[in-house]
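Structures incoming, each one as structure tokens.
Two complexes are shown next, each including subunit A; its partner changes from subunit B in the first to subunit C in the second.
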Partner chain A sequence: MKFSISRSQFIKTLNDVQRAIASKATIPILTGLKIAVSETGVTLTGSDADISIEATITQSDEKAQLLIEEPGNIVLPARFFGEIVKRLPEDQMTLTVGEGFQTTITSGTSSFNLNGLDANGYPHLPEIDAENKLTLPADILKQIISQTVIAVSNQESRPILTGVHILVKDNQLLAVATDSHRLSQRKLEINNGQGLEYDVIIPGKSLTELSKIITDDLEEVDLRITENQVLFTAGPIKFYSRLLEGNYPDTDRLIPHDATTTIEFNTQKLLASVERASLLSHASQNNVVRLVLDPEAKEGTIYSNSPELGNVQESLAFENLTGEKLDISFNPDYMKDALRSFGPTDIKVAFTSALRPFTLVPSEDEENFIQLITPVRTF
Partner chain B sequence: MTKEMLFELPNINHTNRKIIHVDMDAFYASIEMKRHPKLRRRALIIARDPRQTHGKGVVTTANYVARQFGVHSAMPAQKAWELTKDQRPVFLPPDFATYREVSGQVHDIFREVTDVVEPVALDEAYLDVTENKLGFKQAIEAAIYIQSKIYKRLALTCSTGISYNKYIAKLASDYRKPFGRTVVLPEQAESFLMQLKIEKFQGVGRKTLPKMQALQIYTGADLHAQSERFLIDRFGKMGYMLYRRVRGIDNRPVQADRARKSVGKERTYNPPIYDELKIQAQLKYFSGLVATALAHKNLQGKTVVLKMRDKDFNTITKRQTLAEYIYQSADILTAAQELWATYGSLKHGVRLLGITMTSLLSKQYENITLPLIY
Partner chain C sequence: MQKEDLYDQLQALQKAQETQLHQLIGMQDDLAKVLEENSELKIENTHLRARLQELEGANGKDDDTQRLSKSRQNLEKLYEQGFHVCTYMYGSRRENNEPCAFCLDVIYGQHQL
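== the complex of A and B ==
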């Protein structure tokens, strides 16, 4: 096996693939990077058994200046190989595999010899049939991920909640995540993949990693699903993830449709206020802020205190406060995560009572995105 | 010569408080001697018998007979045996459930005098009697009351240290023992501290002592002679503290009802249990007790600890931290059962079983949970 390539282009691809490689893996070969050279291109593969990333650099890509002399496969220790490649002196580098998987990497006057591993020992990635696919705009997918993964649970005690529930039906995609104290739900109309129906749970961690390889220049991402795997194709990159097994709880009925108190905020202003209040709540064992809304007096006030440090009180800037007087406490971190997911916009917050979950929706689009937060009961 | 500091730190000394440090005399051993009067004259060592544990284990405490032969707490049980073997020493394993109960009775007596009680351990507490329920003008009257009540009601002795701060009160209770009483008035504080050996100062432990000696600091007076800068440079925060302590300054309040760290129940079984059903019944029983104790203190917890000891006194404690705070008996039981299923074994019997709840939080706050149905 032998090829030479532009190092800068190679590093870009390597960085993407390395996201899937854990530095300490229970399966030793998975600390390695697989390099497969065919007549037409070089494919890099990395995997941690939960996700796998495969990226191909083709000969037709001019910037890569790929010159293939002899096809073949090798597995190299990913971390060392990466460190070496990043420090080589010239932009062009050549990789040659000789006897006993001895791999030589040369660039300019520098030459490294690295002990490789037999690529036949590397796991085979699943074949996912190309028939059924859903195509999503890359920026929207990235947005959906960032809006839902915040509500994913990080507790392994209920594994199902560590994933995002994806439902595709009737030309609509629904993404929901909840850790049982908050919930985030995003809807999207889709105009392709007619008749496709999916009901899967994708690990939140996988989606976070996927999100990092979706670059701004990318227009579309294809989604293919089999029984226990999902494949996202993003340009030259194939991103595989396992799916979580089990039934996701029915979240539809958790979202309240009536409200007794509603109010509108600018997210940035409210976020700043909540961040100030949480300076003190974080210092206390309970991490709670209190919000008092008084429609009659046209007042909205946020409070927090730490028995040791002191307390804070702030009058909030808001619009359209209507309904009944309300006194509610909640975890400010949930609120901060939720507010950040809206971006700089105005939101409508709807409450039913001090002990019932409340909802946040964008004022401009109440239908497609909703965040729900449960309050903290104080005795 | 050390550099001087850029500024001088002000030393404010509160000398108007009346604080008592109560230290029960050989507490666990005394309780055992009360239970087994025949042991009074024998060297009694609270530890598992090293002859049955192949020399493992350490001394929890010992009575004054054993102490005469050099036995002290934290010493290997094997060494304690060697020191006292000619006296036919008696080894008893600690029975904390009983000690805790007696400690509660001692605290009842404290609370007749004041509610400002800071427990340090089962056998040790600070009391602030500046204001007290019985109208004592002098702290020494309160100390006499406590010592005699404990003696009359529980047939146990304690030593008290009486001063204007916690640090000196603790040093004073150690000054005359057992059944001693030492008063250190503000004007006596410096001379009291000056004559103390350096190792008596709290904070000067095994690591600090050799450093002190290397600097020719052997007594309170030697410590007093050092500049603040010198002590801070060599001993950091501890130096800052010691500089003040040796000048009789300790303004820490007596902290009543410090947040509890754990709530637990355990029991010893003689003979040991070999029956799974009985274990399950005990787990259920303890879960109920722990839930009641949590409720009593208005607490919830996140970590369930299961303690198991087999007939050979091998003790293991295993914990499980949950995603949510819990307080109900059924939830505690579920976690305890999981721990038992994973780590428990009937092979060598179960001599002790206990459930403890830690990572406690006041139940004043409860994050409401969505009713998820799968």
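== the complex of A and C ==
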């Protein structure tokens, strides 16, 4: 096997693939990077058994200046190979595999010899030959991911909640995540669903990695789902992830439909206020801030106190406060995450009582995006 | 002479300690009894209040807790004591008084128990 390639282009692809490679792996060969050279292109593969990423550089890509002399396969230690490639002197590099998986990497006057591994020992990637695919605009997929993964649980004690629940039905995609303290739900109309129906849970970690390889120049991402794997195709990159097994809790019933107190805020202003209040709440043992809304007096005030440090009180800027008087406490960190996910816009907050979860929705689009926060009891 | 003095002192000290120990045990028992009585009175009190409410009937105010059924009130009490009452984590501790949306749904939700 022998090929030469432009190093800058190769490094870009290598970086994408290396996201899947862990420094420690249960199967030693998974710490390696698989390089497969065919007549038409070079395919790099990295995997940690949960996530696998495969990226192909084709000969038709002019920037890559790929020149294939002899096809073949090899597995190289990913970390060292990556470091070596990044530090080579010239822009063009050549990789040659000789007898006994001895691999020579040359660039300019520099020449490295690396011991490779037999590529036949590398696990096969899951075969996903599903005909049906869902095509999503890349920027919207990235947005959905960033809006939902904030609510994913990081506690392994409840594995099912470490994923995002994806439900596709009736030309609608629903993404929900909750760690039982807060919940985030995003809806999206899809016009190329062709009557597809899916009900899967994708690990939050996989989605976070996926959103890092979705670059701004990409337009669309294809989604293929099988029983226990999902495949995202983003341009030349194929991203495989394991699905979580089990039933996701029924989250529909968590979302209250009627409200006794509603109020509207500008996210940036409220975020700044909550951030100020959380300065003191972080110092106290129970990290909570208190919000008091009085529709009659047209007042909204946020309080926080730390017995050792002191306390803070701030009148909030708001619009359209209606309903009953309310006194509620919550964790400001959940509020901050939720507010950031909306971006700079106006939101409507709806409370049912001081004991029940409250919801945040964008004022202009109340249907498609909802954040829910569970209050903390204080007595 | 000095040695005997020391021995006497030790013995006196031992006696004092023994009485103190007895006192301590006695106080502990008393405290346990008081606590027991206290919780009994608490339960009795809630029962009496419930009875009073029953007698007053619809005259009473209709706030959030009063609308809850007995079983839901029990769940609410458990939740307030720091335990999960949701189907997913029933009985496990709520770390750092973390709120749980599933528990609140079980306690206050619209569905029938």
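As a working rule, the second predicted complex is superposed on the first by the 378 of 379 C-alpha atoms of A that agree within 3 Å, B and C clash if a C-alpha of one lies under 4 Å from a C-alpha of the other, contacts with A are read in each partner's own complex, and residues count from 1 in each chain.
Criterion: a residue touches a chain if its C-beta (ideal position, glycine included) is under 8 Å from a C-beta of that chain, and two chains touch if they have at least 3 such contacts.
Just so you know, these numbers come straight off a predicted model, no measurement behind them.
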Identify whether subunit B and subunit C fit side by side or clash on subunit A in the overlaid structures. clash
For the overlaid complexes, name the partner, subunit B or subunit C, with more touching residues on subunit A. B
If you stack the two complexes on chain A, which partner ends up touching A:Ser353: first (subunit B), second (subunit C), both, or neither? second
Of the partners subunit B and subunit C, which touch A:Asn247 in the superposed model: first, second, both, neither? first
If you stack the two complexes on chain A, which partner ends up touching A:His181: first (subunit B), second (subunit C), both, or neither? both
Does the superposition put A:Pro203 against subunit B (first), subunit C (second), both, or neither? neither
Now for A:Pro362: first (subunit B), second (subunit C), both, or neither, which partner does it touch? neither
Which partner does A:Ser153 reach: the first (subunit B), the second (subunit C), both, or neither? first
Just one of 26-34, 152-160, 314-322 or 350-358 in subunit B hits subunit C in the overlay; which is it? 152-160
Would you mind listing the overlap between the subunit B footprint and the subunit C footprint on subunit A? 158, 178, 180-181, 183, 249, 254, 286, 331, 355, 357, 372, 374-377
Using the touch definition up top, name the residues of subunit B that touch subunit A in the complex. 298, 322-323, 361-374
Can you tell me which positions in subunit C touch subunit A when the two form their complex? 64, 80, 86, 88-89, 96-102, 104-105, 108-111
If you look only at subunit A, which of its residues touch subunit B in the complex? 153, 155, 157-158, 160-161, 178, 180-181, 183, 246-251, 254, 285-286, 288, 329, 331, 355, 357, 372, 374-379
Using the touch definition from the top, list the residues of subunit A that touch subunit C in their complex. 158, 178, 180-183, 249, 253-254, 286, 330-331, 353, 355-357, 372, 374-377
